[in-house]
């Protein structure tokens, strides 16, 4: 459902900087359903990829073979992301705060971590330079926290326009897509508020699954359930992916 | 001609205490070379790699390193790099000092290294805590606009190790497909060791492809399958099943130690490593 | 799909007073596009090009420009660019303000432009007078070592114009061979116009070749022979005889003016330009 | 004769950054005669070229087609020249002074030039970064001047170790090859002195053709005349080049 919701929020010809997992599934679902000319960039250096199956890693061969071009990684970050050519970046995280700042580095103190996470990767500069960012993350009081243990990538910082005042080129996170619904930033305070929920979810449940006092928008819309077409396309994509990933590797040795 | 066996190349070019970058962004990861470093029991390495995934999980778990410079450390698409985590969280098998960057920062550091500039530039690290925990991340004022721009120090490894598709008899090396920051890491290093799928008479590289001339290569070793379980475009695909299986193997200290013992210490080279896996029913 | 005629592309994307970079380092120089700019009588351009050779000799002699940013301006292997010289030495046909760099400095400026950084870095200009005559050449102190490193401001042309071998029907562009700083100039610009030898159904670009995706290209025009008298690898060779002949043509104001009148103003497009040359006995 | 002299001063496996004209002829002559594994880099981005004929321009197709690899121009200057990978750079100029500083920019004042020259091109950074530089230039009092009108690229600056003190990575010009003979820098003062002459040239003639009071080394050696093998190789190279350049271009239009 998160995948379908994210896919619906994409548009044709959008230039998307995509990570692995839900973002990759959503972007490719959108491409198959309604946005054939969406441009997918993976940080591994593949520009304009049209994978037939979902990659497990950010640099699967499928991404290179179906790309318009494959460039070195320093070029992707300098000439493409930093240059402001990316319309939309997708980010996940282990923790998010009310201003859309993200932590993917560590739970607990940095020097004596309770849980060491993989780290920031491409996120700090995606968060900075993409014209806007969608965050995809499952909701719970442990992930939607009042205060991050570590800021890996910037959302609206302390809110109330701080990000814009400090001169960030991109507009920052414009949506948080969760398994309860959709949050959008308040245009004045920059605080994320619930603006839509899935049919089977109550507002109270969404509020309870958030570690900060989650406010709701003027009206909380209901997100239409996946259509048959969406479900089928997603199912087929996953089936192709499973089949492709099940092929045994044969080493030439 | 710099063609050697992998064993000779590692013996000659990788020393205890070296700063060593094994690069390869998902594609062309030099696993066989990493295993040979474990086998030769190198210690106190400063490992450098944008994405310390399964390879550095193995090398750090085996006790080769006490410094790690990186920007993302996990099992891509699967989860944690458990051995890296345990080194950081519990100092096992020994403490690991981390020097943490973003991908863009680390790419800029390799570019500065390859260019022999004393710093690299990026608009980055905005609003993050990374600059707080890594004193190497600084800034300079633009001499035209006054804007503060983030800087990183150059990365200049003692040795960079890559895997590539082909070398020719002179030692010229061709890479094709996703090439990450490998060329920058190669040209930033004092020494460069490359393993390849095959050595051919003539490279026949397409115009404008990624070629490292023989005279910048310290040693080339022919190691077919040397990128497994990552992949070599045109030769074999990524072994996603093994990457998933690694999550289980690496979760437990003893199971990990047994795996290293059986397949790395218990074999003399990459061919035997593959044979041992096959003998135990791993399909590859 | 951004495919257009060259006339339309220049009409739409090149305006009086623009900063315009026609790039191509000896190879793939967009001569036909330059002639169309002369034909459309653009004025007060700020021309940018590492090597303002015959092409800018023609455009500057024809009065299109009053600024020139460059790093080497001559007729390669032959001698002077006489029209550029006369503009600088005698302000004819109008004064020309020059902004002079070294090749390395200008390359760094294009890289900074493509990266949208406010300055580029190089260890360069050591002990030269270039920094004295070009106030844009400055320096910053390295935040790690204190060393002074030369800086250049980014080049971000209003429009960059390139010639390439092929585009596909979507407008993706493939360049092959010597590519100079074309990609950087292209990605540094606000708009990008490309002329190509042919438009094909599928690009079939080799892996890792130099491709500009359609969505960064403002317009593509199919202009076979559009790089003459420079060359397009795989299509035709450099016309060294014409480059030598140009020395004579360009040495004299009136002979130059007659040449521009006859072949550029006197023709409506590149095909007619080539026909006129052939009609006058030029073998090409 | 300058070409042959320069070719003799090259060694196998040397990495040479080569310009058009005499340097290109000398480097390729050396490659054909005695240094088959010399590495020629042209600033157009061609590394390890083995042209069968001499290029007229720095970016002729022959250079790309016979190269080990062809890279973008910014890479040549950053990853190869600036990185200190070039053993030897060849430079020409319109003027040279006694410390090997070169002018290829302007005769007369910069703002009101008597003669505007093509400019510095790659020279300032070749002069800075190549481990050593050979200068090839015809000798006359107008080219060998007491004081340059403009410093386009640095030799030993004011001499007496100034270049080294200021931290230049390369050792600077180590030879000036002229049509009178060969000059080398004095190891203490950095001033260029005549160390060898061609058979048909007198020391007095060489001194007269120099605009500064040219000193001579302890002994001025005589440069052996070109051997038959050298002459023949050079003649053949030029003949092949003439034939290749005489082929008419045929446009596909």
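So that you can tell them apart, the chains are marked A, B, C and D in the order they are listed, and the count of residues begins at 1 in each.
Throughout what follows, contacts are C-beta pairs under 8 Å (C-beta built on N, C-alpha and C of every residue); 3 or more make two chains touch, one makes a residue touch a chain.
Because the structure is a prediction, the values reported are computed rather than measured.
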item: Shared interface partners, meaning chains that touch chain A and chain B; value: C
item: Chain B and chain D, separation of their C-alpha mean positions in angstrom; value: 40
item: Gap in Å, rounded to a whole number, between the CA centres of chain D and chain A; value: 55
item: Centroid distance [mean C-alpha coordinates] between chain D and chain C, Å; value: 27
item: Residues within chain C bordering two or more other chains; value: 111, 116-117, 122-123, 147, 177, 179, 183-184, 207-210, 233
item: Where chain A touches two or more other chains, by residue; value: 64, 70, 78, 82
item: Chain contact topology (line, ring, star, complete or other); value: other
item: Chains touching one another, given as label pairs in label order; value: A-B, A-C, B-C, B-D, C-D
item: Touching residues on chain B, where the partner in the complex is chain D; value: 111, 114-117, 172, 183-184, 187, 205, 207-211, 213-216
item: Residues of chain D that touch chain C when the two form their complex; value: 20-21, 43-46, 55-61, 63-65, 70, 72-74, 77-78, 81-82, 101, 105, 110, 113-125, 127-129, 150-154, 157, 163, 166-169, 245-253
item: Chain B residues touching chain A - in the complex, by the definition given at the top; value: 25-27, 50-51, 70-74, 76-78, 80-81, 84-85, 88-89, 100, 102-105, 107-108, 110-111, 122-130, 133, 147, 177-181, 183-184, 197, 210, 224-225, 228-229, 231, 233, 235-243, 270-271, 274, 283-284
item: In the complex with chain C, residue positions of chain A that touch it; value: 13, 15, 39, 47-48, 64, 68-71, 78-79, 82-85
item: Residues of chain B defined as touching chain C within the complex; value: 116-119, 121-123, 138-145, 147, 149, 151, 153, 175-177, 179, 206-210, 233
